[in-house]
C-alpha cells in the first residue's frame, strides 16, 4: 500500500490551502458584523438579510437564472447536433469551416466575442436585453457542449447504432432509443457546463446586454469595483455553497454507479 | 434408412436464397470486392473465410445493408435488395462486439427488434421467452449486459438477432471474443440452434478450424476474390490452389514440372530425387510447371524403406510433440524439407525415431493434389 | 434531407453568430470614426448597387492600424499583456507541477477526491474567485494584517493595484488548467520506469529529471498553453486587482469601446489581439495533434 511522502504531503497541503483559503476567508467574513471587512466585530447574518431585501440583486439573480436556463438548454440541443455532425456526418462541403467555428470560440478572448456580437446586434438593430444575452451565451456554450458530447460519441461503439438499424429502427429511432440514452451523461454534463458558463459570464453579457437586463455578474462587478463589500461576501458564500453541494452530490452519485457496475462485472466474471 | 445428404448446391432446380451477381465494391481508389458472383441456399450454414482485409466483412455488411454496392446486384429470395435500407431487410446480424444495448436488460435487448414490428405485448413476451429458453438464458432475463459473463453475452446477441425469425442470419466473427474452450462448446451450440430454427446462417471468420467445424460450405476469399467455394472436406482434401492448400491446415508444397504418365503425372521436382508419381484428373502438357501439395498426416515416416509409390530418404531435424500426434521435420538430400505426422498411439517408451535418425518418408500416388501454376 | 437539417441548423447558427460578427469587427476596424449612429463610416449602402459597393470598399483603409502602431499606449499594452501572460504562466507551472505530482503519487483511493478538489473551484464563479483576493491583498487586508502581526513587516505592503496582484490572480484562477493536463500525463507514467532508472544507478533526483520530467512534457506544454492563451486577453483580473499602470489589452479594448466610444479603434485592437493569439493557438493545436497521433 502506497503512502504519502512528506514532499507530496507538503505540496498538496500548500496547494490546496492556496486554492481554498481565499474562498474560506470570503465565507468567514460574510458573517462579520462590521462593514469593515478586515476587522472582526462578531458573528452576524445581517448581510444575508440585507442581500435578500435588496430588490436589485434579486432582479439580477432572476435575470441570470433565466438566461442560464434558456441558453444552456438551447446550447445543449445545438451542441449535441454539432457533435453528431462532427463525429458522424462524414464529409460535407464546408466541414473544415464548421469544425473551425466549433473550436475557435473556445480560445477566443471574451472581449472579442462580446464586441463582435454587440456590433452584430447593433447592425441588425435588435433591442438588447435578455434575448441578446441568451443568443450570445448559446453561441459560445454550444461549442463547449459539442466538445464534451463529441468526445463521448467518438468512444461510442458504432455497431450499437447499426444493431438498432438492423433490428428495424429508423435512423431517428436508433438515435432516440440507443444513442441518446447511452450518451445522456455527457449531454447532462454538457448542460451543466453551459449553465455554469452562463451564470459566470461577465464580459460577454456586459457587451450584449441593454439597459433592461442586468445579470448578477454585472451587478457584482460594478459593486466590487469600488472595493470589498460584505453583501457581496454573503452572495459569494451562497453561490459557493450551491456549487459545492451540487458538485459533491454529483460526484458521489457517479462514484456509487461506478462501484456498483464494477461489483456487477466482478460477479459476472466469477459466475462464469 | 435413406437420409438424403444436404447438398442443395448440387441440385440445378434449387433456387438460391441469396445470389450475388457480379458484385463489385470500391472504397475510393480501393476495390474491396472484385466482380463476385455467389449463390447461397436455404438452411445452409455458409462460412466466409479469409485473412483480415480479404473482403469477407464487406460482403456481410453489404448483405446487412450497411454498405452500398458499387456495381452488380444482390438478390434475397429473388428480390433485389440493393436499395432496401438495413431496417427494412429480413436479415439480422450478430455483431462481432455483440453490440448489446448497455442501458437495456437482457429481456429488453431481445425484445428490441420485436417491438419495432408493433406486435402485441403477449406475442412479444412469448417470443422472448422462447428465445431465452433456446439460448438457456431464462435466469438472466432481468440482468443488464455488464452483469453477465462473456459467453452469456454472446448468447444474448444470438437470441436478439434470431428473435425476429430472419430469413438470413449474419454472424460476424461470433466466437472471436471467447476463450478457446468456450469457443469449442459454443460452436456445437450454434450448429444445434441453426438446425432447430432452420435459419440460413452466413458466418464470417478468419479461424479455419471454426469454419471447418460449423459450415456446410466454405468460401475462401483473398483480396476481394472468391478462391474456392466448397464443402469443408473438399476444401481440405482437394484445394484448387496453392493459396487454399496453404491457408487451410498444414501442408507440404513442392514445386516442379509435370509429365503425363498413365492415369496421372510424374513430377520432376528436385535434382537427385526420384520424380513424384501422382494421380490427377487435370491434363498437363509435358513439362508444365505445377505444384504438388500433400498434407503431413498423409506422409509416413519409417526406419525401413516402405513399399509405396513415392519414397525419399532423409534425416530427422526437428520433432514437434503435440500430445496426440507428433510432427517430424525431415531434411532430404539436396536441402528440401518435408513434414510427416504420426499418431502417438503408444505411450512414450516405444518411440523409435529421434533427432538425427536416417529415415524414409513416403506417400501414395493419391495422397496429394497436383495444382496448376 | 434529415442529414441536411442536422448539419444546417448548427452551421447557420455559428455562421450568423460567430463568423458574421467577426467579419463585422474586421470591417469596422477598417472604417473611420464618425459622429453618427452607429458611430463609424462608411456604411454599406446596398440601394446604390455596384457603385455603392465600390465607394464602400474605397473608403476602407488601415488608418486605425497606423494609429495603433504610432501610439505608444497600444504598444505598451500589447507588450505588457504578453509579459504578464508569460510570467504568470511560468508561475502557474511552478505552483501547479508539485501539486499535480503530489496528486499522481498519492494513494490510488485518494486520487478521485483530490481530482474533485482541483476541479471544484472551476465550477465556482470566476468573478468571485478574483474578488476573494481583494480582501486579502489590500493594504488593510488579511495578508498585511498577518504579516504585521507576525512582525515580518513594519508598514503594510502595497500589493493591490500592482502587477504582482495580477500575477497572483491569474495563477489562482487558472491553476486547475495547469494541474489537470500535467496530472493526467503523470498518472499514466509507469512507475517501473523510475524503478528501472534507479536500478541502473540514478539517484531519485536524477530519475526525476531524466524520466518523469521529459515524460510529463506534453502535459506541461498543454497546461502552459491553456493558461497563456486566455491570460493574454484577460479583462476581469487586471481591472479588479491591477492598477492604472497595469496595462492589459483586454482592458484597453473595453475602455476604448465603453469609455471612448471609438468603435473602429476598439475593433482594430481586437483584430491585432487575435493576430497575436493565432501563433500560440496554432502551436497548441499542433502539439495536441502530435500527441493524438502518438497515442492513436
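Residue numbering begins at 1 within each chain, and the chains themselves are lettered A, B and C in the order written.
The rule is short, and it goes like this: a contact is a pair of C-beta atoms (placed from the backbone, for glycine too) under 8 Å apart; a residue touches a chain by one contact, two chains touch by 3 or more.
Because the structure is predicted, anything quoted here is derived from the model rather than measured.
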Closest to the centroid of all CA atoms, by its own CA mean, is chain A
Could you compare the number of C-beta pairs in contact for A-C with that for A-B and name the larger? A-C
Mean-CA-position distance for chain C and chain B (Å): 60
Between the Cα centroids of chain A and chain C the separation in whole angstrom comes to 18
Return the distance between the CA-based centres of chain A and chain B, expressed in whole Å. 55
Provide the residue numbers of chain A that touch chain B in the complex, in ascending order. 157, 159-160, 162-170, 173, 177-178, 181-182, 261, 264-265, 267-269, 271-272
Inside the complex, what are the residues of chain B that reach chain A? 64-66, 85-88, 91-93, 95-97, 99, 101-103, 112-113, 116-117, 144, 146-152, 160-161, 164
Sites on chain C touched by chain A in the complex: 2-3, 6-7, 9-11, 13-15, 17-22, 24-25, 28, 38, 95, 98-99, 101-103, 105-108, 112, 114, 116-121, 123-129, 131-136, 138, 140-142, 145, 172, 175, 229-230, 232-236, 239-240, 250, 253-254, 257, 263, 266-267, 270, 273-274, 277, 281, 284
Residues of chain A that touch chain C when the two form their complex: 1-5, 7-9, 11-12, 15-16, 18-20, 22-23, 25-26, 29, 36-38, 78-79, 81-82, 84-85, 89, 92, 94, 97-98, 101-102, 104-105, 107-112, 115-117, 119-120, 122-123, 135-136, 138-139, 142, 146, 171-172, 196, 199-200, 202-203, 217, 220-221, 224-225, 227-228, 232-233, 236, 239-240, 243-244, 246-248, 251, 255
